[in-house]
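In what follows, chain A forms one complex with chain B and a second complex with chain C.
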Partner chain A sequence: MTRDDMLRAILRDKMAVLGILIFAVFIFAAIFGSGLAPYDPQEMTRSASGSVAALEPPSLAHPFGTTNLGRDVFSQVLLGARTALTIGFIAAVVGVTIATILGLLAGYFGGWVDNLVTRAVEFSYTIPAEPLAVIILAVLGPSFTTVILAISVLAWRQPTRVVRNQVLTLRNRQFLKAARVSGASHTRILVQHIFPLTLPVSLVFFPVEFGSAIIAESVISFLGFGDPTSTSWGVILRRSFQEGALQSAWWWTFSAGTAITLATAALYFSVRPLEEVVNPRLRSRR
Partner chain B sequence: MSTGYIFRRLLYMVLNLLLVISVAFFLFRLMPGDPVAAQVGELGDIAVKERLTESLGLNDPIIVQYGKYIGNLVQGDFGTSLSKQTPVSNIIFKGFINTGLLALVTFLVSYTFGSVIGSLLAWKRGRSVERFGLSLALFFRGVPTFWAGMILVYVFAIKLNWLPASGMRTGNFGETSWSFYLSMEFLKHLILPVLAGTITLFGLPLLLMRNMMVDALESGYIDLARAKGLSEFRVIFAHAFRNALLPLIAASTTIIGWLLGGLVAVEVVFSWPGLGREIVAAVSARDYTVAQGSLVLVGTLVVLMYFFGDLLSTYVDPRAKFGKARMVEGPA
Partner chain C sequence: MKAEGAMPVDRQPVDNDPELLGLPVAQRSDSNASRTPVIEARELTKVFTGSKSIFRRNVDDIRAVTKVSLHVDPGSVLGLAGESGCGKSVTAEMLAKLQEPTSGSISYRGEDITHVGGARLSTFRRKVGMVFQSPFDSMNPRWKIADAISEPLRIHKVGDRSERRSAVMEMLERVGLRPAEYYIERYPHELSGGELQRAAVARALILGPDLVIADEPTTMLDVSVRAGILNLLKRMRDEENLAMLFISHDLTTLSYLCDRVAIMYLGRVVEMGPAAGVLGERLHPYTNALAAAVPLEDPDLIRPPVPIIGDLSSASATTQGCAFAPRCPAGGRVCEEEAPELLEVREGHYVACHLHDDSKVVKQ
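Showing the complex of A and B:
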């Protein structure tokens, strides 16, 4: 599948286009959110009579309602987009990059390199993911960087395997032998000849890992191990849960979770038509 | 399956186990904060602190501690909880049973539901119902499990008042015997957390099943079955379904492994007295023996499960390569 084919496949699929449009809204919110937010997310807003506007249901002044301390949920969700998208993006870049490098090396060199990488992937699945992320954050202390690190640890496993398998199918092809015979180095073959052919696989995995990273961030923050200085969807849900908002203020819980779901689902939808890149068996039969 | 092959897998399994234990052991040694101070208090009596440090063996060189830890583990001794002064094994086994039951039931429900719907969608291939079903499954994979739990609590426990919102039993006391796990009381408490897990998980077997069925339905033996004049029902369920099931079985160990560690936030939402909640509490309390033990317990089980799962799927389908199941990942 060439790049043009991939683009065309995406544009033909209505759900994929919808996904991209929805995600574009989130990107917009992430970039301009702080300017668009009607209130400071920590501000104790007051009603016309001067009392604190605590636990107010959605209204024109507060589209997503307010928290128990009179904070505007809409502003918090808007700013949460930046945290979720930045952390998700970086974690996905780190994860998929590592996966591509490991997959290329394992598939191309085979032997003990392949064995080592395969065993590493296998091992990474034996330690339960969420507890591991929590423990890593307890050891390193919660911050923007450590949260990304803890999530990246989860994001490399699946693409590594798929990239490796993709390389295996290419390894014995004529043009690679020709390149080898004409004196190309391993590095040159890997970078110039094989990498461009595995790139589609990595590109398809990027949104998938991006989405999973957004969910992982929300789980970590919900459990209280996230970056304490940032406004995040997981933190909003944590506060709302601790304050018993399910009993008294559904809007507080509702909006942040919807944001996570929409952003993640939009990412998953955007690459749905490219499933066959990852799953070649479906290719001829479409 | 040759003996050499099984032996090699056995060796990898032991190596994996050792790695799990080592990671669990050394990670917690890196944790900031003094575990003794966390129990006695920063201003506690120095003599008391020293006695505790000595009795925990924390004065030994780290390698000696590591050796002792492994030696004790082999004998089933997970150490003593720092914060509760009870054997770690008591705490984590109790939590593990509750987590394991939750994971197992969630797995069964989502797998049954997902694979049946998935094969129906494959059968309706190309129609709008297929597109709608696949989109819905993909959408639900974007829902964070714990948030699904919160919404379920809001709807079914608070608004409708049909089901309990938290815990494993009404009133939260009483002896937990085996028969309790079969009581209506327990089952009622189980419904919402299982549903929460199912909402995000059923999409995976569904998509897997649908892809496998699409593949199977276009094979020659299906044409033959149809040519023989078998009913469409028999063609789908007796022929295509059975063959498509193999990869699904292969993937199941991964899913259960994921579930054992992936329901932490759900346990928190539902105050489910499971291992995940225990780990989070132990990490926060710097009770590293409990956290370490939990990680080792889950890790060991997952390693064992992968080993037998792999053996089984190679036995059932000799074409399957080892570790092939690990192609599939649960939702983050």
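Showing the complex of A and C:
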């Protein structure tokens, strides 16, 4: 699959285009959020009468309403986008990069390398992701770096397996034998021949892992194990839950929840046509 | 570009001068050709080890190639024939150093290369080209033809970018892909099987090898295109004084191209010698059966079929007798008890069959 094929597959799919457009909004918010936010997310806003504007429903002044302490939910969600996207992006890069390297080595060299990697993947599947993340954060203490570590520590397992299988379909191809007869080293064959042919698989997994990381970060923050100083969608959900806002102030929970849902759904939609190209079994009968 | 040896200043650089590219110039005269074979295999054996484990089903060892000895002389073509699964390709891949032999040795121009690596392996790689069976799989689908053909040059750091390009152009012309300007920009999926196989030949020859191993290069091509590839290989052999190992299961192809022929059955060489002798006399019953399977040009000509009975024996079975005995129309008791040795029955013509061993009595 060439880059053109991938682009064409995406543009043919209306949901994918919609997903990309929605996610573009989130990227915009992540980059310019701090400039666009009408209030400081920690500021206790006051109404015209001078009292704290606590638990106000959505209005022009507060599009997503306010919290029990009079904080502007819209500003919080806007700034939460930066946290979610930064952590998601880095975790996806780390996870997919490790997966690509492990998958290439395991699939190409086989033998004990393959055994080691395959067993490691199988073992990692027995570990539940969120409890492991919680343990890591409890031991290392919550911070931006440790949250990324806790999320990406298992983000490699699925793409590793798929990249490895893709390499297995390639390793006995004649053009690789031809390259070896010509004197190509293993490194050369891996980097110049095999890697470009498995790259689409890695690229498909990038948004998938990105979305999973956003959800994982929210879960960790919601449970209270995240970085307490960060403005995150999970933290917003946690506060609203603690204040029992589900009954009294739906906008508080709803806005952060919608942000998480939209961002991850947009990522999955955008990559769906690529997944179909890589895995023809997903193709719907048209 | 790194120094490739100082360019002689008093010489006008010519684009397609192979010496300028650091390519060895083929020796066109036979006068000083030594008697040393280009490549020689001695008792080459390949066993694919099965697994014996309490967790899995036991898999027996597969003896893919058993004690194969053969050699290719400078400027001559050795044909290797036999049915599918007889070990032709494994033999070829061992000779090309793509697979490690289990035992036996390989020497290149008298030098043992069975276990070489590093710089000496690299030197060997420069001198050996290979053409594979499937033209549609022998080029990276994402690479332009020109990049595939020039890959050996890049690996061995021959010439700079423009020198490599002109070397590729010249090679494209020589293998009949004209105009070269057109083909140099093509991707594999844009070419036909015949064109791709010509490109594969170009890649095999770009470094100026003195041995080409061709593993069934015409099997997957239409009959109409086959002759073109065969003629190309024949012409290249003459022009470059190439030695060639040519694998095929098609005896007509072998008789057209080869000086000597070796017939393999179940991993062993059963008959080997001059092409005319082996294909004409067909001393081994298996050679005879293979030859009888060749279609005749005249549809009215009725030829008595040479029956071979039963199926190919399993390569994992350890038969003590002749491997062909279960299927042999002429076999006797001695064939089931004793494996025949490869014996020279005529000048340079070897057969492994008790029928041609005067010390054995096959049938009373």
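Just so we're on the same page, the second predicted complex is superposed on the first by the 277 of 286 C-alpha atoms of A that agree within 3 Å, B and C clash if a C-alpha of one lies under 4 Å from a C-alpha of the other, contacts with A are read in each partner's own complex, and residues count from 1 in each chain.
Operating definition for what follows: a contact is a pair of C-beta atoms (placed from the backbone, for glycine too) under 8 Å apart; a residue touches a chain by one contact, two chains touch by 3 or more.
These numbers were taken from a predicted model, which means no experiment stands behind them.
K.L.:
Which chain, chain B or chain C, is in touch with more residues of chain A?
P.N.:
B
K.L.:
Check the residue A:A29 against both partner chains and state whether it touches chain B (first), chain C (second), both, or neither.
P.N.:
neither
K.L.:
Taking the superposition on A as described, I'd like to know which of chain B and chain C A:G257 touches: first, second, both or neither.
P.N.:
first
K.L.:
For A:R188, select first, second, both or neither according to whether it touches chain B, chain C, the two together, or no partner.
P.N.:
After superposition on chain A, A:R188 lies in contact with chain C alone.
K.L.:
Quick check for you: in the superposed arrangement, does A:Q174 touch first (chain B), second (chain C), both or neither?
P.N.:
In the superposition, A:Q174 touches chain C alone.
K.L.:
Taking the superposition on A as described, I'd like to know which of chain B and chain C A:V73 touches: first, second, both or neither.
P.N.:
A:V73: touches no partner chain.
K.L.:
Which holds for A:V235: it touches chain B only (first), chain C only (second), both, or neither?
P.N.:
neither
K.L.:
Using the superposition on chain A described above, determine whether A:I135 touches chain B (first), chain C (second), both, or neither.
P.N.:
first
K.L.:
Pick one for A:V201: touches chain B only (first), chain C only (second), both, or neither.
P.N.:
Neither partner.
K.L.:
Would you tell me which residues of chain B are touching chain A in their complex?
P.N.:
So the residues of chain B touching chain A come out as 12, 15-16, 19-20, 23, 27-28, 30-32, 131, 134-135, 138-139, 141-144, 146-147, 150-151, 153-154, 158, 165, 211, 214-215, 218, 254, 257-258, 260-262, 264-265, 268-269, 276, 279-280, 283-284, 291, 294-295, 298-299, 302-303, 306, 323, 326-327, 329, 331-332.
K.L.:
What part of chain A is in contact with chain C in the complex they form?
P.N.:
That would be residues 2, 173-175, 177-184, 188, 193, 196-197 of chain A.
K.L.:
What part of chain A is in contact with chain B in the complex they form?
P.N.:
These residues of chain A touch chain B: 15, 118-119, 121-123, 125-132, 134-136, 138-139, 141, 154, 157-158, 161-162, 211-213, 215-216, 218-219, 222-224, 237, 241, 246-247, 250, 253-254, 256-257, 260-269, 272, 279, 281-282, 285.
K.L.:
Looking at the complex, which residues from chain C come into contact with chain A?
P.N.:
Those in contact with chain A are residues 93, 96-98, 121-122, 125-126, 128-130, 132-134, 137-142, 148, 151-152, 155-156, 200, 203, 207.
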